[in-house]
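To start, the structure itself, in C-alpha cells.
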C-alpha cells in the first residue's frame, strides 16, 4: 500500500487544536450529553490511532498452572445442562476482566472426568478443539463420533450439534478456540440446546467425515458444492507431522518450501475450497528446526499460540518468555513477534485473520521487507 | 437454516446447574482470578444467548435538534488539524457513553461554515457522506473534487486521502457514516495526516470519477480489475430518484420489481463487482408510496436510517416514532422493524450487513415467511 | 509467463525424426487406420504449432456491398417459422465455406422490411444486436420490447425468448453477433420455437429492463444475485458516446484514463458483476481521436470489428484496408492488428475473449511491452 | 431450467419456409458466394438443432487390440525430437479421420520401451496420464520426477515442462488425455521445445509435489494463492481405492454418500480450490459394486472412459458393449449412457465438463428426475 510521507509529527498534533475551554463550550458539551451526542474532536486520538493500538496485552498462561486448575474444577464443578461445559477461559489482562483472550478470540482449557459427558448443543460461534496431550474423548458432531488424541485438530463450525464423551478411565483436557468475543460484540449469536446426552456411544478410530473426506485431492461426487466451513472433522497429527517433516526435508534438498530458513508451516484448510477451515478462524501449525530464529513479524488481527512440543523463547512486543509444552500465549493486533529455539519448537496457532482478509482490512509486515 | 425443536425451556435452563456454593469453590474462583481465568459456566447465559440480544437500544435523534446543535458547534468550535472534523456523533444510550450509533457503526452530523475547510487525512475506516439538505461543499478525494448536494450519496472508502471545502456563503451540514466502532473494537485502524488544506479549489459540477464511471453498464478498458470498494465517488440524487420512481411505475404496470407492495428500494453498488460499495458497509435507499405498510422484518447486524423526505411511523422493537425529514434512528441487531406511511416516505439506510454476509453470519426474517 | 530460450530451430525440428518409410511401417499405419487410430508423431506439427496459427483469415466486408445484398434478400426471401431470420452471415474464406466469421464467432447482417416481424424462439447461443444505422425495430425479449437505434448495443443472452418487429415504414438492418460456431463445434446447442409472432405491439422509448437497471451504481433490492449474463437489454448510444468523450476530455486534462494516447475505450459489462455481458462474448467500443495510431497488438482469440463512424486504415497481419462506416473486418487469433486514423474513428468490437480468460488460455501482447 | 411447451412439431418446421426456388434467388445465392456470405435460413437446421447432436459417435477401443498396436509401434517407430511421443490417438469415426476422440478431447495410448525416454517440451494444452497397468516410468515435470504405477492419475497442466523416462527393463504403456482438439479448434495453442533428455535420473517413490501437497486438508504457508491447475502431480491409487471403498462401506452403514445405490465416485480436485484439476478437464473415478445398474444419464459435453477393473455392459445411445480391463469408450455430448455390472466395475473417466460449466452451458439429465 502506498504511504505518503506524513508531514507532521503525530504526537504534537494529537493534542493540538482542542477548542479553548469556555463557559459557552461547557454548556454546549452538556447539551450534547443530554442529546446523546459526542464530538469527534475530543475522541479522535483514541478512536483513530495512527496504527492498531490494542487494549489487549501480550500474556502467557503456563500449562503447568492451567492443567491443575482445570483438574481442581473437575473435582468441584459438575458438567451439565445450563453450564454446558467445564471450560475455563483465558482472560486477557487488558480487556477488563472479560473471558476474552483477545477482542475477537476465546481460548479455554476444557476438562472431562472419566466417563463424563458434556451435553449436546449448537451455536453460531465457530469452534475447534486442539489436543496437546491425552486421549479417550470422542466429540460427537451431528451424530458422527470423532476421536480426540494428542496433536489432532478438530474443527466444529457454527450451527452444528455437538457434545463430548469421555470413554476412558482417565480424565482428559484439551483447548477450545472460538470466536465468542467477536460474535458477542457484533451481536450475531444464536444458541440452541440439544439432547442432554450425546447421541451415540460408538468410539471408532476414524469418524465418518474422515472416511469421506480425508483423501488428498479427492472429493465425493455427492458433495461438489463449496461449503463455508470444512466438512472434515479431524485433522490427524500423523498427517500434520509428516507435512512439516517433509517441508524441512525438502528445504534441506534445496527447495523453497519453508516460510524462512528452518521454519516449516501448514495451514489447516477446507478441502472444498482450499481456504480457511471456518469463515472467522485461521488455524496453523508451525515447526521450527533446532537453532532457528524467525524474523520479526506483525499483522492486523490477534493470535493465540499453544506450544505443542519443544522449548524456545517467544518475544511479543517488549516481553520475552521461555516456553514449553502446553503453554499458551497471546499476540495482540499489530504487536511484533519473534521466535527463537535451540532444540526445536512445535507451535499450534489460531487467529482471526479471515475476518480481516474478507473485509480487506488485513495488513502484515515482516522485518527486512519493504512496508 | 434447519432448526430442531428445543426440548427444554430456556429460562429454566439458564440458571440451572451452577455448582453449589462452597468454601472450596470460592477458593477455586479466587485462584482463577489470580491466574486470569474465567469459567464458561458462570458466563454462558450472557455470552451465548439464544438469539442476538444487543446492548444497543433503538433510538431516534431529531434533525430539528441535531442541526441547531451542530450550528452552535459551528460558532464555538474551530475545524483544523488534530480535531480534523466538526462532526458530532450519535451515542447509542445502551453503549456506555461511547460515540457509537451501534456496536459497529458511527453516524454523525458534520458541519462546515461558509468558506471553511476540513484538513486532508486518510484512514482505514470506510466512510461516506449523505446529504439531506443544502449544498456548496466539495469533498476532495485523492485530489478529485466532488460536489455535495441534497440527495447525493458520496462514498469514501478506507485509505483514500480526503478533505472538505465549503465554497459557498452558507453553512452546510450532512451526515457521515463510518465503521469506526467496528475497526476500533477489532484493532484494525491506521490513520495518516495529509495537507492541512485541500489540494484544489476547483468546484466542477461532476467529479472526474463520475465522468469515468457513471455510465450504466460501461467500464473503462483501463480499469478492468475489480476493486474492493467502489471507484465511483458520487451517486447523484437524480439517478436514485429516477430508479425508485421507475420501480413504483413498473409495479403499477404489473411487474414484480418492488420488495413488497408500494416499497421500492435500491442498493448502492460498486460498478466493478455489482456488490456493496465498501467491504464493511451497505447503503440503500427505500421509497414507500403513500398508504404503505411494510412487513415486520429483522436481521443480524445493525442499521441507521435517515428520513430523506415525507413522514411516517417507524416501529423498532417496542418503540414507535413519528418521523420527518432529517430524523435519524437506529435498529439494533435482530430487533423487529416496521414502517407505515400515509403520505409517502423516503429513507436512506446504512448497515454493517456485508460484515455478516462475508463471514456467513447473516440471517434475516420477514413476518409471514418460513423461518 | 516465463519462457526459456528454445535451443533448437523449430523449422528444422518439425520435419525431423519421422520414422523411415518401410513396408512394415506402412502395414502398421494401415492397421492403425482399420483400428481408428492415428499416431501423434505424424500430426504434431499441425496440432501443436509453436503459437496459434488459425485457418481463419483476416477479411473485410464492405457495408456498401453488404447492405444492398441484404436489401435484395428482403425482396426475394420471406421471414418466418423455420428459416426464422433474414440474416446473412460472414463466411471467413479460411473456414471451408461455413457461415463462420471466425472459428467461434458468427457475424451477420439482419434485415427486416417495413412492418415485418421475425418469429419468437430461444436458444443456448448467446447473441446481441448492434445498430450502425436506422431505427424502427423493437426486439422483444421475454415480452419486453426494446427499441433499436443507431449506436445501441442490445444483448440477448442464451435461452431468452426473443423476436423482432419492424414498427416503421422503412426497412431496417443491423448486425447480429453470436457464438454459434463455438457452440456448434462443442455440441452445446439447444433450440426451441416460441410463438410465430412477437407477444406485444408496444413500442416504448425505453424497455422495462432499462427502467430497472440503467441507473449507474444502483441495483434493485429484488435482484441481488449475480446473473451469468447481463439483465440490461439495451446499452444506449447516448451513454457510450458520452463515456468515450469524457475519457478523451479527461486525457486532455492529464488523467491516465485512455488505453494509449488518443485511444478511448469502454467495455459493455453486466451490472450484476462488472464482468462481460455474456459468458462467451466480449463487446467493446473504441474511439480514436484524429491523428491517432495504435500500438501493434495481438491476443489469443478472435474478434470482429464494425466501423461505426469516421475513417481510417486497419492493418491485420499483412493486410491493410481503408475502412469507413459499416465496414466489418475479422482479426483471427494471435494476428497482429494496428489502427491509424487522420480524422477520427469509432469502432464497435466483439470477441470470444471470455472463453479463453475463463479457461486460463488467454494471452495478449502489445508492441513495446515485455512479452 | 424452465421450458415452455413447444407448440409446433419440429420435424415439420425444420424443412418449412425455405423460399421458393427461382432464377432470381439463384442469382442472389451466387452473389452471396462471391461476397463470402451465407444465409442463416438455409443452414439453421444444422447449426441450431433442438438439442446437441454431435457428429462424434459412441465408439469402443479394446485394450486387447490397442496394446499390441502400441507394442508394434515400439518396434518400428523411434521416439525423439520432432515426433516427441510414441502416442497413438483414438480417432472418433464421426470426426472425419482426425485424431480426436471427441470434438474437444484427445485420448491416446503412449508406449515407452525399456530405458527409453521422451524429450522435454511444454504446451498450453492441459494433459494427464492414467495408468491401467505396468510401472517403471517416471514422468518429470519441471524437474520433479513422478513415478507412474497402476491406478495412478498424473495431471500435467498446460505450460509445464515435462518428459518421460522408462527406468525399467520392461516396456510400459499408459493413456494420455488432453484438450488438443479444443485448443486446436479455438486457436489457443503455444508449444516450446525443452532439452532432448529429461533433466534428472532420480527415481524416487514420491515426487516433491506429493511431499508438499498430498496431506489431506493441509496447505503449505508458502503456497496460499489458488492456482488454475492442481500443484499435486500424482494422485495415487492407494488413496483413490480407499476413498471408493469407504463410500461403499458408509453406504452399507446407511449414509447417503454414493451417487446412487452401489455407485461410488470421486472427482480428482485441485487442493488449492477444491475444483477441477485443470481449467478444461474433469477427471473422476467410478466404482460399481457387484449387481449394480446405473440410471440413464446424459449431459452436455463429451467423455472418455477407461475400464480399470472388472467387467460390465455399457450402453451409449443405442449401442451396448461388454467391457473389460483397459477398454476405452467415448460418450458424445447429450448421448444417454447406462452401466450394468454383475461382478463389479471400476472406471476412470475424463471429460470436458469444466469448459461448459465455466461458460454456463452445462446441462445434465438423469432418468427419473425432473428435467
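Brief remarks on what is shown
Labels A, B, C and D are assigned to the chains in the order they are written; within every chain, residues are numbered from 1.
Here, a residue touches a chain if its C-beta (ideal position, glycine included) is under 8 Å from a C-beta of that chain, and two chains touch if they have at least 3 such contacts.
All values reported here derive from a predicted model rather than from experimental measurement.
Shared contact partners of subunit B and subunit C are absent; no chain touches both.
Considering every other chain in turn, none proves to be in contact with both subunit A and subunit B.
The distance from the centre of subunit A to the centre of subunit C, with each centre set as the mean of the Cα atoms, comes to 51 Å. In terms of their C-alpha centroids, the spacing between subunit C and subunit D amounts to 29 Å.
Our note on geometry: subunit A versus subunit D, Cα centroid distance of 43 Å, whole angstroms. Multi-chain contact residues of subunit D, defined as those touching 2 or more other chains: none present.
If touching chains are joined by edges, the resulting network of the protein chains shown is one closed cycle, each chain touching exactly two neighbours. The touching residues of subunit D, counted against subunit A in their complex, run 208, 211-224, 226, 230, 232, 235, 239-240, 242-243, 246-247, 249-250, 253, 255-259, 265-274, 277, 284. Those residues of subunit C that touch subunit D in the shared complex are 1, 3-4, 6-8, 10, 13-19, 22, 24-25, 28, 31-32, 35-44, 47-54, 56, 59, 61, 65-66, 69, 72-73, 76-78, 80-93, 97-99, 103-104, 108, 123-125, 158-159, 161, 180, 182-195, 228-229, 279-280, 300-302, 332-334, 352, 354-356, 358-361, 363.
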